[in-house]
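Have a look at the structure below, then the notes.
Letters A, B, C and D name the chains as they come in the text, with residue numbers starting at 1 for each one.
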């Protein structure tokens, strides 16, 4: 019995020593199962890679001057609303100071809904937890709660600039025809509220648009409508699976528009893996491409952690560095029993931000807690994404 | 008018994929009286096996070899589904297999997602560039292949069911397992064989559907399962020719309504078609002689 | 009490029952016998309402049963047992009877609320003496599926009686019973007659039918070939030929 | 503590969904339409609290009544079909209702923003609980008042003649008819009670997630509605509760530490559960 007692004492002592080195916990969550699994894997890899870089540079300077390592814990919400909500409550119960996620817009909306709407509103018993979203991109979500922040590309400015630039590159184009994944919140909002709007604002004539569902497989009617419309530009606001389906049907029916435009989320490996040949030439605005030095470094480090670098995972990478900057600026204590105060400091810090340093350049922060990120246009050429135009 | 004709023919042709999966469903539900919700997932799973194995062995994906792999994959999956979901569950609770196969559906989906990180896999197609053109009117070549295979499967299955001892044993086991056992039929063996056969059929269906769509993704399983059930009921439970005719009917009906009522209401009309059959002709197109 | 006028029922080409004329008077026990496939069970199902008539009419206490649904016929007072036992296996013995208490008296005595949602205590006493009558007193809470064959037969009879029937259709109640059980059954049927219940008995066991029935009708290929007292029927030449074959 | 309150809320809501399928299953009808009544309750209660400014209790009452009325209407045609046909018919009905909400737009201007269901984009801001300062614990108690109430009701049914009659119809319809049970009345009443329970559950779900869209009420939710009573067993109401705890608390939240393996095990453990306990977690009555 004595031997065990001694062993226990030693362990405690060692444990004690270990405790000296402080850690700041950041909880990431996203969809690591279901058809959007690749997004979750990449986001997790990017978060861990960024934390690794920060920790190697010494970690986060706390209020009392000591340095704390960043610990990342990633949860899988399977892209379902209920799990998103129980995860944010689980994170609230841990000593995490901020949550980074979710992946899916249909998880983000209910999740923001249970957060406190107005800060310091005693009557609102919503959760007081800062959430810094990296992927969920549906336009206009951060407005829902003052605890919700997003570092996702602003599709409105991107597509507006793309349509303007297309006029210069292809002088003859005037007409646009759309294709919408009608039952996916992000794709639907990106066509009606963004692409259609911006095209008309830039003097194009939007002839019309076809609609299909997330798991449709037969696009013959839609592509024939496209063919009859005979527009110069065809803009497909859909995710890789149906985008590939439509592109293959367009090839079959011999529909070859002058310019092919895609949705931001489709500028990923999935599209190339699904239909590289048919997607040849598709132009997509995106908020990331390994063109800058930092961008290349970020992509390589994330690859080490088995994650692919695209606009979504790199947003997670940027979030980590922004949070480090905010934590140091707001001088968080990193002390377990001042947890709620630290969270409130991070929220206020994020709200105060006017600009952040992104991988492609400076990102402007808007009043309703969204981001206005630098962007560039990439094109699918020979089975990989090539930078077509860099407006920076 | 040409537009309507083209829409109808495209729909009916695409209905061949519903027919192909419908045959399997009507065999499982109608002839074998088994509640197998995982049949749609097993078909897609079989197609994945074909793709994965051939890609691992050869690096490239020749269409015919992938289809063969899908066939075998489907058969193996059919056997696994039988052992895990039916073999050990007593007949006294008919609802238990409904739930075990639902668990199997989730399991197969999740395994596919983990192997491919949820990304759609490009699926080799046969004759997919063949477009029969009659002036403006076009017919997709690969869907004609799908239709031909569906008819071939029908002939093969009808022969198997109504001409061979295995077919007889299958129907006997389906109608009254205990009585069949008393007549000396090894029920477990017959069931296993029948599940393998339906698995093979599922593998072909999954492969050809993947080929006609061009990409394979777990997104396919739920719509396939729902369409398979609808086609089975409209065609008449257990009637294989019924499944084919119903598949074409649903395909055409769906495409026409997509043309005129738009995609958000399209599926509602398919449901109304099903209700019409359930109310006015519950036996389906070819009611079983009960 | 019960009149069958030119009752017929065809299944496709098969004429299961063909122009049957039969009357059963109040308080009488009528036996219905005939070789297998002569339409006995079909007749019971026609009276109980499971199949619609192809032709003819059934009148029960001056009321034609043309489109009266099955459960309404029970409430009029026609109860039946089944040739192959159809008990509610997962319900306990007394619950099988509790479910069957749908007679007009029960419906009148207790309002909708107590009859459907009422407590168990009051119902249990009534059922207790019915179980005593059927020698199942000790099997009160046993699951119906766990009873022996004889007990299940008795439970089926008790369930029919729970509906306080005026007319009881017994579909081969003695099938599979040993001699001792048959004599008990005989006694029980006579007791029922004592309580004023009219009985239509379909049976193969001759000594039971002959011993109990006031009148006997003989069916063959869906048609009535003879009717009369047990003695008359026993030595009726036509009946013997039908039974002993060579018809 | 918030997490455990939240988990208890989810378990409560899914128990209501499971119990609505439990009573229908007692009569032998496998109905995949419970998710549809769940959706009707969710949208109805949500609209009443957000657009009409009702308190949540009357809104849930109306949601429950609407669920019951729809279930009753759906109950009659459901009588005409049996077995697999009923499964497919109710599945089609469920998809039909889901697609109805996919196209359902009804927005009202409230202050400067428009609030209310908007077709594919769903219905946002159903925040009655947070707006009225209900803490997570209070919401949990509120939900469980409903759950315990419904379980008590069904426990009372089970012990009353109505419960015995439900089960008798479930076991042998012909025998039940022959002892004077009106099949139509029993089956439709079971559907109606199921619809009422699902409607209330849906209303609570809407206020729990604060944002609902048609995709929440898909085939998977309908299948889970009948999975709970089947996996848990039809012996009594506690079977369904145990199954909900097994799926929601153990499989989804309990195995979270396994990370990726959790999803693979999810389907596998349901298959295992059915193999080990084909008649439900508590087995059959005394069999």
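Basically, a residue touches a chain if its C-beta (ideal position, glycine included) is under 8 Å from a C-beta of that chain, and two chains touch if they have at least 3 such contacts.
All figures in this text were calculated on a predicted structure; none of them were measured in a lab.
Participant: Could you work out how far the Cα centre of chain B sits from that of chain C, in whole Å?
Facilitator: Each chain's C-alpha centroid was found; their separation is 48 Å.
Participant: Report the inter-chain centroid distance for chain C and chain D in whole angstrom, where each centroid is the mean of the CA atoms.
Facilitator: For chain C versus chain D, the centre distance works out to 43 Å.
Participant: Centroid from C-alpha atoms only, then distance chain A to chain D, rounded to Å. What do you get?
Facilitator: Centre-to-centre distance between chain A and chain D: 34 Å.
Participant: Whole-Å distance, chain A centre to chain C centre, using C-alpha means?
Facilitator: Each chain's C-alpha centroid was found; their separation is 74 Å.
Participant: Can you list the chain C residues in contact with two or more other chains?
Facilitator: none
Participant: I need the residues of chain D touching at least two other chains; which ones are they?
Facilitator: Residue numbers touching two or more other chains: 102, 120, 260, 263.
Participant: Check each residue of chain B and list the ones that touch at least two other chains.
Facilitator: Correct list: 110, 113-114, 222, 264.
Participant: Which of line, ring, star, complete and other names the graph you get from chains that touch?
Facilitator: other
Participant: Which of the chains touch, listed as pairs?
Facilitator: Result of the pairwise touch check is A-B, A-D, B-D, C-D.
Participant: Considering the complex alone, what residue numbers of chain A touch chain B?
Facilitator: Touching chain B from chain A are residues 33-38, 41, 182-183, 211-218, 220-222, 224, 240-241, 244-245, 248, 252-253, 269-270, 273-276.
Participant: Inside the complex, what are the residues of chain D that reach chain B?
Facilitator: Residue list for chain D touching chain B: 25, 30, 77, 80-81, 84-85, 87-89, 91-93, 95-96, 99-100, 102-103, 119-120, 218-220, 223, 226-227, 230-231, 260, 263-264, 266-271, 273-275, 278-279.
Participant: Could you pull out which chain D residues touch chain A in their complex?
Facilitator: 1-3, 5-7, 10, 102, 120-122, 124-127, 129-136, 208-211, 213-216, 252-253, 256, 259-260, 262-263
Participant: Quick one: which bits of chain C touch chain D in the complex? Just the residue numbers, please.
Facilitator: Result: residues 48, 50, 69-71, 74-75, 79-80, 82, 86-91, 95-96, 98-103, 115-120, 123, 143, 145-146, 159-160, 162-163 of chain C touch chain D.
Participant: Report the residues of chain D in contact with chain C in the complex, numbered from low to high.
Facilitator: Touch residues, chain D against chain C: 156-157, 159-162, 164-165, 167-168, 171-172, 174-183, 284-287.
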